[in-house]
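Residue numbering begins at 1 within each chain, and the chains themselves are lettered A, B, C, D, E and F in the order written.
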């Protein structure tokens, strides 16, 4: 069965038919005493409301929250929001659905990104740090999760593949700055960059929706990542004790401040740089994604951004794009 | 050779002879071009300045900073401070000095405190947590350090034996409150209480002076302690994964707030209680010790306490002590 | 007339008949121009929406906001919320309603709690502090309010009897810690514990709903309580001036920090302890009550707690309760 | 005996003879073993160091800290500070010293200021508030202290008469703004202005030096002032309860924010205005006094002001004064 | 065509006919598939919802968001809110509408306020500052905008004419305080007062609704105002450089603190005073307007004020107004 | 005459002769009544105390604070600090001193750095921004100051040439990140990078010592720089208004947060990046310079860094340098 039209493309008064993910399902009863079902449906492009007004009792047993369903409906605009009036709806077997259709995904190809990371590992001169990286990124279960995980539940890089996209971006900037600041230990900085968020593969669950695991909420990715590194270091012969302290310190301090969850603040230049780069990459992702999403013809400004606590200017982006040649290359002009 | 009079007892214009610890040593030269040596000398009751005005060049090679020395001197009052004018000074062999004479020590007997802790361990019903505690507190090297370590470099319980004194006090209060709040898991709370600061045996060095180790500054006692627990849990057969998460969470969250260095805030009642008890015991130690130290006949107030950012009232203590019968029982009237 | 089924027990599609409290009443008009009445109804177990769709104009004069009413209805589920479709509704005389049916109440028996407090007063050695406590807790009007008042409008112990429940709990912990810390003046600490929130009987109104009084908002329970103590001290012969200062300081400083409304921070150990105990008892109430209320089979986590600014773990409680024998002992399983 | 030259006027290498206040006295011993005495001496214009190098043991018993002494000395510049080498020094009888010579005093005449305040009281229309003011400002002991007290130990208006100077200034601005904002209750605002700091007569001690009393540190002037008002209100027949709440609220909230020690924040416009006016008058005093004191020919800037956390510009004042005609009118050019 | 009844006066079940401003317009579709239009309508007294249930498709093209419309309707109460059921609606030509009917306007006459400001300018003695003020307030485009602009988008003085009302109020208080504090340079303070918010004519757009301009969000009124002053100073012959620095500093520092958007904090007394006066006038406007708007018979308290983060007392105002004689003097009793 | 040995190289008990800058000069008098002179002397490598014990009255008129002097002395260690006992001292003519000997200077050659910046300007595609940059960096007076100015009075890059060193470093990182983030407008980001601190040439004075100018303290480099840009833009034909807003916004927002003195926070991605890069470069300078300066054999840790509020680890740097081949390339191993 086929995916229906992407939710971001659904317009008023059209028939809509195909596969969607049921995020929420609630049974209700109208004032006339007639049962109905209220739904939130999603795919990787967004979320839309659904209503089963007719045959609700008959259709009810055919699907549940969390199912991928095949449905038939038509779209209406209700109080400013698009909504699907659903006529038919039925779950499909889990194996018949391609999950990547239903969850937002990074625009970066995780296989290519992983190959790029491996190429970076090969440039590490320090034998202990390189071996540590190799051991971690040779573990099939780690790699599988690392390629699929988001970088966050709901802030930056909150999409499948977001973790590897962010990790690669941080690693590349780290490489640039290691070249710029001559006193910086490039091997230590790059190893820290590649491993800084590795604990997120344990902190987050990312099947059908993104959420925190128990480990994530009780221990957190900073300490989970450091434990993985501690355990792996024991497998590297003669890993010097001081070097082990320093790479662990890189992970522990990468949020930069205690109040952001780092139990230690950076005390070596490499850790200071890593905390800045991590912050820049997360903020730039949010900033540019929000500006892109909130482009509106009638204004130069986005709506209010709660985390940045401000309105962002969308006009600059528009201006800049004019002279970009070859933007009509068939894919969206911006990939961030 | 004998310890000299305790520094807190030295009065003006008396001869002072015996053993002291050289905390700082600086060579100087008077305006007349005559060399002298400026010292800070200490024993477990405090610190005093020393000056070698005569024969400085001859006496200089006989001792160094960090040495225990035998000296002969007389005391003078200089600009409000007591000071020793030193006539003779020479290091003694390290093995001839009883370190506990020269560093402040808890008023609590560490052997008794450790026996009390072991009695508490025996009351833990949960077999996995009890085994975890037994394994840690059976390790001779851990126990030796645990009995001697201070609880802090310079804030609360900054004395030899301070760590075990504080740990026992926290454990006892935890036991009281576990009885008071019926829904609290006593075993989890007491295990957390006994282990919460165990990482300090690695965070601090405490030979001749208290300081942070490299591990202490780069990793910190919270994560160091959690690592010890992680490693020990692997030695306990069938330790349930969830229980492991919870005891580790107790350690990680025991500073209560991110900005105090906990990478996670308490998310179970037992962790919330532990963070409060730890804070109470540290603050009560400081509060009462400062009030006791700053008793002055001419005023009801201590000097300014930098960390509490206030003056404390000393009058209440005085008033309270009047009716206490039997205070002359041979031991110091206050044990905190 | 009889109380109807408790709101927390009402299920879909059942007839509901009996007494409820009208918390809000709003008249509306449907799109068809038909008048209706929208209600919020409550009893001590919670709140439920009500709708009068038929005969609204006729039933309207028979009751008002704030009334206890006898109603007949049936329950429906509407947009995920339970709701009563009301057919008949009429106020009953105030004297026919037992207010404790309609407002949340502490699980602690106020008479027993008061007896326990009086027993504590009898253990106070200091004659002036004991006389002060006796005078306050002999005043019939104070005692009546003290037994009934909540401890807060909407945070911790926000139920009838909450003030005495919280006061007794704080007093008991104070007694434990007075035994633990030898330098603490037990009499002063316990007197402070028993009186710390006495001003809340003036700060809050608690008839049919909990709200602040004018005194509460303009003066506040800290100063109101201190004024009561000031006035009562004048009735105690020869109350020493210094002791009066100290007990007043205990009340003024019990929020611990200026920004929490204490005009003075603790400057004696007893005041420091009281501020901690008060905070612990309030936070433990919230923490455990929220975890209990938010137990859900599909997750180990509560929803987001706005004041604690976090999610709490419910799994620990579940685990812990399994092995508790004899929980079916006829009283509520948790007393906090 | 006569006051010696004012300390602010003492220049290098001059004989200095007359009366001074001994603020601190410490006995010392030189490197040659000769005893000496180190002093801090003050009068209302400032502080100066004194040293008794000769005859220290003989002169020692003749005076103590806190005494007014008659001394003979000559001035020297030592390490950038002026210092008196004292040859003779002896206490004089307390009744022979005019305290106002030795402590900084407001440039405002307290008698005139009090007359001005009484004139303001007479303009209050509200009979209860006017009676309250009259009763307080008819009490001889209150009035005597009120005319002499400083407004602070060491920040703004920290001089004898500073309290009445500040109170009058706040009252006058309150009067202006009551005229400007038509909805403001002038009587309430002015009563609040006149009474807002009355508690400082109990909070501070101001004999020979300024310090906090026990009441000041344990209760504070805000609550002490409110208690005086509470007690006096009972003496005013038929004082309306609501009005009593409001005038007490004016006092309690006059620091504007909880973190500045007000247990309640302003909830009526009059209280909001009072908190602003109090703050303006204190800050303007500090700002202008500091600029005046720190006028230096070589720069347009004061030294660093710790409380304002900035450097202030002194050039504006200089510029402004040039064109002011008739500044030589016999009174000090600045009255702040 | 005529303005309809003011929105604040519309009561339930009355016919409503006349001119209103369409603030928002959204098309919807009922569950029965019938199109309707949801509106927000406003005039200078407030906002009301409108619904076009019948003939929505026919009436839809006749008006748009932002239009002034002539409508016919009747009022109903729906879920506690008043609402207009609209039968007929059509835009009118922009030139037929008097904008001041549809946007909130200051109660102060802008022409009178401007005349008052000009009178103040004439009292400035300093020739350069006076000329600067004259040049700015002689520019016809500036003056036109200055008379019409609000002082804020949505906080204080958010009404047509609000800027000049606030500027005049600040100037008057500045004049009072310049008289009170003898060392203050009156000319500098008054010039600062009159110019402090002049940049708001560029920061805000105020046609049909209040919003920020691009300049407003990217540069801000503080710097925009300073730039206007910089440019105008070049037109004043021989304007002294130091005086230019000081008047620019007055503008730059008038928010008092960096975190409120001032790039410099006050460093002269005049700037300190201006920052206080600006703050007082804004807060007093909000405070008194909110209290006035939230007068409700059943309570002495307003609802929660989000910015002040508190409830305000309305009882004081009521009490105060009773004895005010001659309030019926033909103008609104409150001018704020 | 010749510069004496660099201050950082002076060791105990050596003769020291040559040119130094007199930073402070104070006359004193010993206890024996003998006059002396206390000096602070500096060159570009640091500061040292000087004392004229003999012939002070004779030598006194020969030099003043701020002079470059030729002196003869010998070095002694006094209370842990090195000090020069001065026998002869005399000012030299200003033109005989090379100021760069006496003030710390960047290790970067300002001419080379300026050439690099000009090369960057040539890569700007946007004609208006490029013209703006050309006009500013063609102005001889601006360029002269820009090459010499420090970047701060006392924090990062506080050395002659520090401004151009920092500006070039920020520009290079900006170029890297413009390549990394595809949606970023490179021209706008680089123009912002090159101009962000240009106002510092007016904010700071840097002759013989670094200090703030009146403009610096009253207006600040952010607004001073923006004014220069505003004025220069008027000289560029047809500079688009929107582009002018954006480049001005880049300058105004480059401190990132209001509390750091930016009157606007970044609202475009380019401004966000610039604020991060500026912060990174300043912090990396401080971090690495402090670690380098505080290398001590006996510890892996620096002293306490007041601004970073922590101790930094020096061990990593040492470790890193060991394996770096070719470090003996004739230039200092670290260029930051």
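A few remarks follow.
Convention: a contact is a pair of C-beta atoms (placed from the backbone, for glycine too) under 8 Å apart; a residue touches a chain by one contact, two chains touch by 3 or more.
Since this is a predicted model, take the numbers as computed values, not measurements.
The interface with the greater number of C-beta contacts, when A-B is set against A-E, is A-B.
Taking the options A-B, B-F or D-E in turn, the interface that duplicates B-D in more than half of its contact pairs by residue number is B-F. With centres set at the average Cα position, the gap from chain B to chain C is 42 Å. Centres computed as Cα averages put chain E at a distance of 47 Å from chain F. The geometric centre of chain C is 43 Å away from that of chain E, both derived from CA atoms. Counting partner chains per residue, chain E has residues 214, 217-218, 242, 246, 267, 311, 313, 315 touching two or more of them.
Across the assembly, chains come into contact as A-B, A-C, A-E, A-F, B-C, B-D, B-F, C-D, C-E, D-E, D-F, E-F. Interface of chain A with chain C (complex): residues 26-29, 31, 33, 38, 214, 217-218.
Interface residues of chain B, counted against chain A in their complex, comprise 214-215, 217-220, 222-223, 226-227, 230, 242, 245-246, 248-249, 252, 258-264, 267. Residues of chain A touching chain E in their complex: 53, 76-80, 300-301, 311, 313, 315.
Those residues of chain C that touch chain B in the complex are listed here as 125, 169, 172-173, 176-177, 180-183, 185, 188, 242-243, 246, 265, 267-270, 272-273, 276, 279-280, 283-284, 287-288, 291-292, 310-313, 315-317, 319-320, 334-336.
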